[in-house]
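Note that the chains are named A, B, C and D in the order they appear, and that numbering of residues resets to 1 at the start of each chain.
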Amino acid sequence: MKFSILGATGYTGEELLRILANHPQAQVQYLTSENQTGAPIAQTYPHLTQFYHDTMISIKEVEHIASSSDVVFACLPHGHAMAIGEQVTRAGARLIDMGADYRFADTSVYEQWYKLKHVHANSQAVYGLTELRREQVKSARIVANPGCYTTASILALTPLVQNDLVDRRTLIVDAKSGVSGAGRKAETMYLICEAFENVQAYGIANHRHTPEIEQALSAAAGEAITINFTPHLIPMPRGILATCYASLNSGVTAEQVDQAFQKAYGGEYFIRLLGRGGYPATKNTRGSNFCDIAWHIDARTNRVIVVSALDNLVKGAAGQAVQNMNVMFGIDEKAGLNQAPLYP
Amino acid sequence: MKFSILGATGYTGEELLRILANHPQAQVQYLTSENQTGAPIAQTYPHLTQFYHDTMISIKEVEHIASSSDVVFACLPHGHAMAIGEQVTRAGARLIDMGADYRFADTSVYEQWYKLKHVHANSQAVYGLTELRREQVKSARIVANPGCYTTASILALTPLVQNDLVDRRTLIVDAKSGVSGAGRKAETMYLICEAFENVQAYGIANHRHTPEIEQALSAAAGEAITINFTPHLIPMPRGILATCYASLNSGVTAEQVDQAFQKAYGGEYFIRLLGRGGYPATKNTRGSNFCDIAWHIDARTNRVIVVSALDNLVKGAAGQAVQNMNVMFGIDEKAGLNQAPLYP
Amino acid sequence: MKFSILGATGYTGEELLRILANHPQAQVQYLTSENQTGAPIAQTYPHLTQFYHDTMISIKEVEHIASSSDVVFACLPHGHAMAIGEQVTRAGARLIDMGADYRFADTSVYEQWYKLKHVHANSQAVYGLTELRREQVKSARIVANPGCYTTASILALTPLVQNDLVDRRTLIVDAKSGVSGAGRKAETMYLICEAFENVQAYGIANHRHTPEIEQALSAAAGEAITINFTPHLIPMPRGILATCYASLNSGVTAEQVDQAFQKAYGGEYFIRLLGRGGYPATKNTRGSNFCDIAWHIDARTNRVIVVSALDNLVKGAAGQAVQNMNVMFGIDEKAGLNQAPLYP
Amino acid sequence: MKFSILGATGYTGEELLRILANHPQAQVQYLTSENQTGAPIAQTYPHLTQFYHDTMISIKEVEHIASSSDVVFACLPHGHAMAIGEQVTRAGARLIDMGADYRFADTSVYEQWYKLKHVHANSQAVYGLTELRREQVKSARIVANPGCYTTASILALTPLVQNDLVDRRTLIVDAKSGVSGAGRKAETMYLICEAFENVQAYGIANHRHTPEIEQALSAAAGEAITINFTPHLIPMPRGILATCYASLNSGVTAEQVDQAFQKAYGGEYFIRLLGRGGYPATKNTRGSNFCDIAWHIDARTNRVIVVSALDNLVKGAAGQAVQNMNVMFGIDEKAGLNQAPLYP
């Protein structure tokens, strides 16, 4: 498999390179960067020395890139991937978009939250939350790779809404993320001096991952679901923890909750169920493609609290993209992804 | 004012010493430690060199300590303060307990959550959340200094329940705390190698600060309130951020919410209202006695989200204790507490 | 004392504001910022809310600022303070420059290392390492406040070179600094994601604090000294640790080394001698004006190793500036500076 | 290859498990733990769930363990490996000791620094700094895996002393280490609250890695070398940076220095030469087996400054052990070790 990356110098591009360096069947073809065209990738990321000797080219050559690649990863600001999606697939490559452009079945939702006209509405892109859409991913020409917060939230709540165990008006996701989720932006608020020994919320009631979570949960429930989603910035580079709240429907037992998770994920390699009463920790997933999930029942308030943990750059981005690539090309889903987490 | 500290070598004791070193009217009398009896405090905490030359004695001398002090701070594991409360007050000192022993009006709640028989039920202790109980604190012989999570949670939610703006069955507090909240315990999970680049929840549905928050909110509401409280460990020493959720009662407007906070805290020095749409950050309160509060209305879900931030060792412990001391002795409430936060 | 700050929005300006908020005799007059002219300082630094209500003006009004201030602090990029030094002092204010412009008695050294023509060579500025130049500081019209690395290095090595205890050709300073020393610059290398869990050297053999340290040590020794100075970036905001190496002169005893430090600093409040065999830790000085010093003799190699620790923004910048201000105006040298370090 | 680990629950044991999980030819046989005998390793280290299902046994079964293993890794406190070395090799396994017991050719040096009688003096163990002892490692029955500080220091300085480029009386190593180097000890000084935002030196002039570095440099030089070695604790889990100083011999040119490094390491995969003027960063090696090296010449002082960076748990411990294992068994030296560093 020959792969190329559009926008290789952000953290998502870099993480794809890290993971694919160990993939037994993937071969780099082209990397693009508009700021650093002509420079070797190892100049931007010296840690990749000995792994890649490639010099970056411009995305202007996307036609040529696509025609000589089996798969193209787009790590671009939103708005840019939908502009080249048709070109890439027409040239014969399959596209995995790390951004938001292809995530919404109803592109008017995209237009409303991203304030942009969608230019590739009939794309037939598949939403690539692998565990939930494996069959559709197999044959997709374009895969919309899910957001980091959304992967954590959707995996945590789907078994509950799908099995009608919770009151769908009561869903709240309180999420905590490492700063790499913001990308490699040289902005004051992400400086170590500012972000260190600090925690704060942001995007309350208006973060763009909200409609993405709602779309997936509504599909699972078979009816429209509206949620509260609150992201927080945690003083660390990697990791997302999602703490999810919902009121149990009348008469639902703890065992039914256990069974719902077991049925949904019991056979999944990359989802590790810690069971009822467990405590996922982001550190246990660092650098790996795992999503760890546990749940608690509070008898006093009749709520279920689900906690999920993952590495936002791996299962929340590049790892899931490689997982999708593996599914698309019919090879072992774990290929390139079976590294143990880095601890401590 | 002559003060003594029982249990001076924990973080709460240390923080009292740091703050009181700058108090214009407070004079240290005795410090106790059972492990380090006979050692100078600056041996345990070299940063206090030049400020304290005191050698620690044993709590066995509590009678003598109390009779020569105006105020005694108890920084002891729960169960220990209630055992000496009567002795201390009889000897003429006023007691400020940093632990849980005197926090519950109904001591059976204490007994149920702390699994201990309460031995000083008729203490007439006052719950010292200063802004809410200033009048009672003035004349109290024993002040139960609130917990760190509880101060952040109660300050955030009281204006809403007091003014009947929210559905009292829908309260959820999702709190994030620095590790110093766990005290100075040499346990594996608090090692830098373990806690670094990690976030996880703990004590879901059974943390002991839950009934303390419920007691205060129930009192404000005039009816019993049960909440969900979920604490999280954040990879940093200081700071608590509480993200609080509640469904608005029918017809409640954003302006009513604004007014409730303004009315409750508009005149308070140590509560800084960031207003509707603001984002408190724990770093902005580090080392200071401030609690920063903001709120958001989500029209899509009809929920109000209140966020509060404070330094768990200051407004969440030693700072509020000094604030209470100032109130008890009729001096300027800000004495010793008017340091600006340490940033960055 | 009425003070003004030119360039109030950097970390040095902010730290002056933090410290001076507690100074019993200092009153803010004007703050300048060229990016944020017209904005209140608490908008840039919300943690200063309740302490300053001032709106920033432009440095273009420096004449007016100086004529209505007793002391002006310049927190400006190098090259800018020397351009306004004469104006400030002529208008009647005394100037404390936090930058490098006035630090070199021989301005040709400045010109060589900073690649700038010096425009105020006859300034008669005094190098304000308070403990070493107290008498000259008293009457100075312009004080050049020392750099952070330099304060730590000069305080560590002066007793040794002054008393001819070490071979002056063997001095090496290996220094470790928190990232706030780089200022509040939104550059990629200072992002939390890049600086976290990382340590690296920079400026080897060419850092601009080198000639500043050499100037002071040469003056103390009475002959020209050339050193190696190697700074390192440590993943934390505050703190400098300087590990200094020198070969003992033949026959020098450990007791002579002890005496040299005792004689130099035994009476100094802000220098805490931990003695032979001690281990200064930056955390013990955080937020305070202390410099902690200890030394070790290695009999196997006949070297002395001196370790000094301080908070780069306090004793290494704003704290020492306030200390100098106190000396200049004949008030208690500790005024505003007697806060205990923030720990943990 | 069947491997077993004695003392699997420390960070070195854990790191061996992480690395070997991806080794194409290694199979776990037995893991031992004395505290947690009978427990599965994934209970101690949940991040290893899906990788190991093994239950730990006691080291008392070492005879059986060794007879059914090809290689045994000893991750034991010093003193324990030498007690079982003969038993292990007699039973047919080869031993890789992660501790200090077999590191000294002259066991009297061991006895002097470790205050223990050596009980296996005639072991013929090989000091396994792979790049320098590859040939001897091949046939070794016992490999003494080097310490973390020592690997960084020896690799940095060997080319200089071996080629007689520096004055051997002037060597100083100033090293900075993440806290995982201290192991998984629940001691107060390693708590996140204590170690965070702190840097300090320790073990000045008496750290046990000193004689180990001296032994290797003396061997390379062909004469006895005594050095200063100063370790520092950095607020992060992983990574060592060694900053090494030496005076150049008269007439030595920068090109000779360049050539010495090129000759020594130009063909080595795991040593990445950043060249003259480069800046190794620990983060660029995190989770990988690389050691990055650069050097600087200071013409003003005629010193060379060499900087090396590595991950103390990988090239400084478990990674180098696996590299040695690969060499011992004649397989690809990179097997299991070719993961790209984890960044950011």
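Basically, a contact is a pair of C-beta atoms (placed from the backbone, for glycine too) under 8 Å apart; a residue touches a chain by one contact, two chains touch by 3 or more.
Since the model is a prediction, treat every value here as computed from it, not as a measurement.
Chain pairs A-D and B-D differ in how many C-beta pairs they share in contact, with the greater number at A-D.
Relative to chain C, the most remote chain by averaged C-alpha coordinates is A. With centres defined as mean CA coordinates, chain B is found 38 Å away from chain A.
Chain A and chain D, compared by their mean Cα positions, are separated by 37 Å. Between chain B and chain D, the centres computed from C-alpha atoms are 46 Å apart.
Among all residues of chain A, those that touch two or more other chains are 11, 178, 180, 193, 196-197, 235-238, 281, 283, 286, 344. Chain D meets chain C in the complex at residues 170, 172, 174, 176, 178, 193-194, 196-202, 204-205, 226-228, 230, 232, 234-239, 241, 243, 245, 279-283, 286, 296-301, 303, 305, 307, 309, 344. Listing the residues of chain D that touch chain A in their complex gives 11, 14, 17-18, 21-22, 45-51, 180, 196-197, 237-238, 269, 272, 274, 281, 283-288, 290, 292, 338-344.
Per the touch definition, chain D reaches chain B in the complex via residues 11, 179-180, 184-188, 190-193, 195-197, 235-237.
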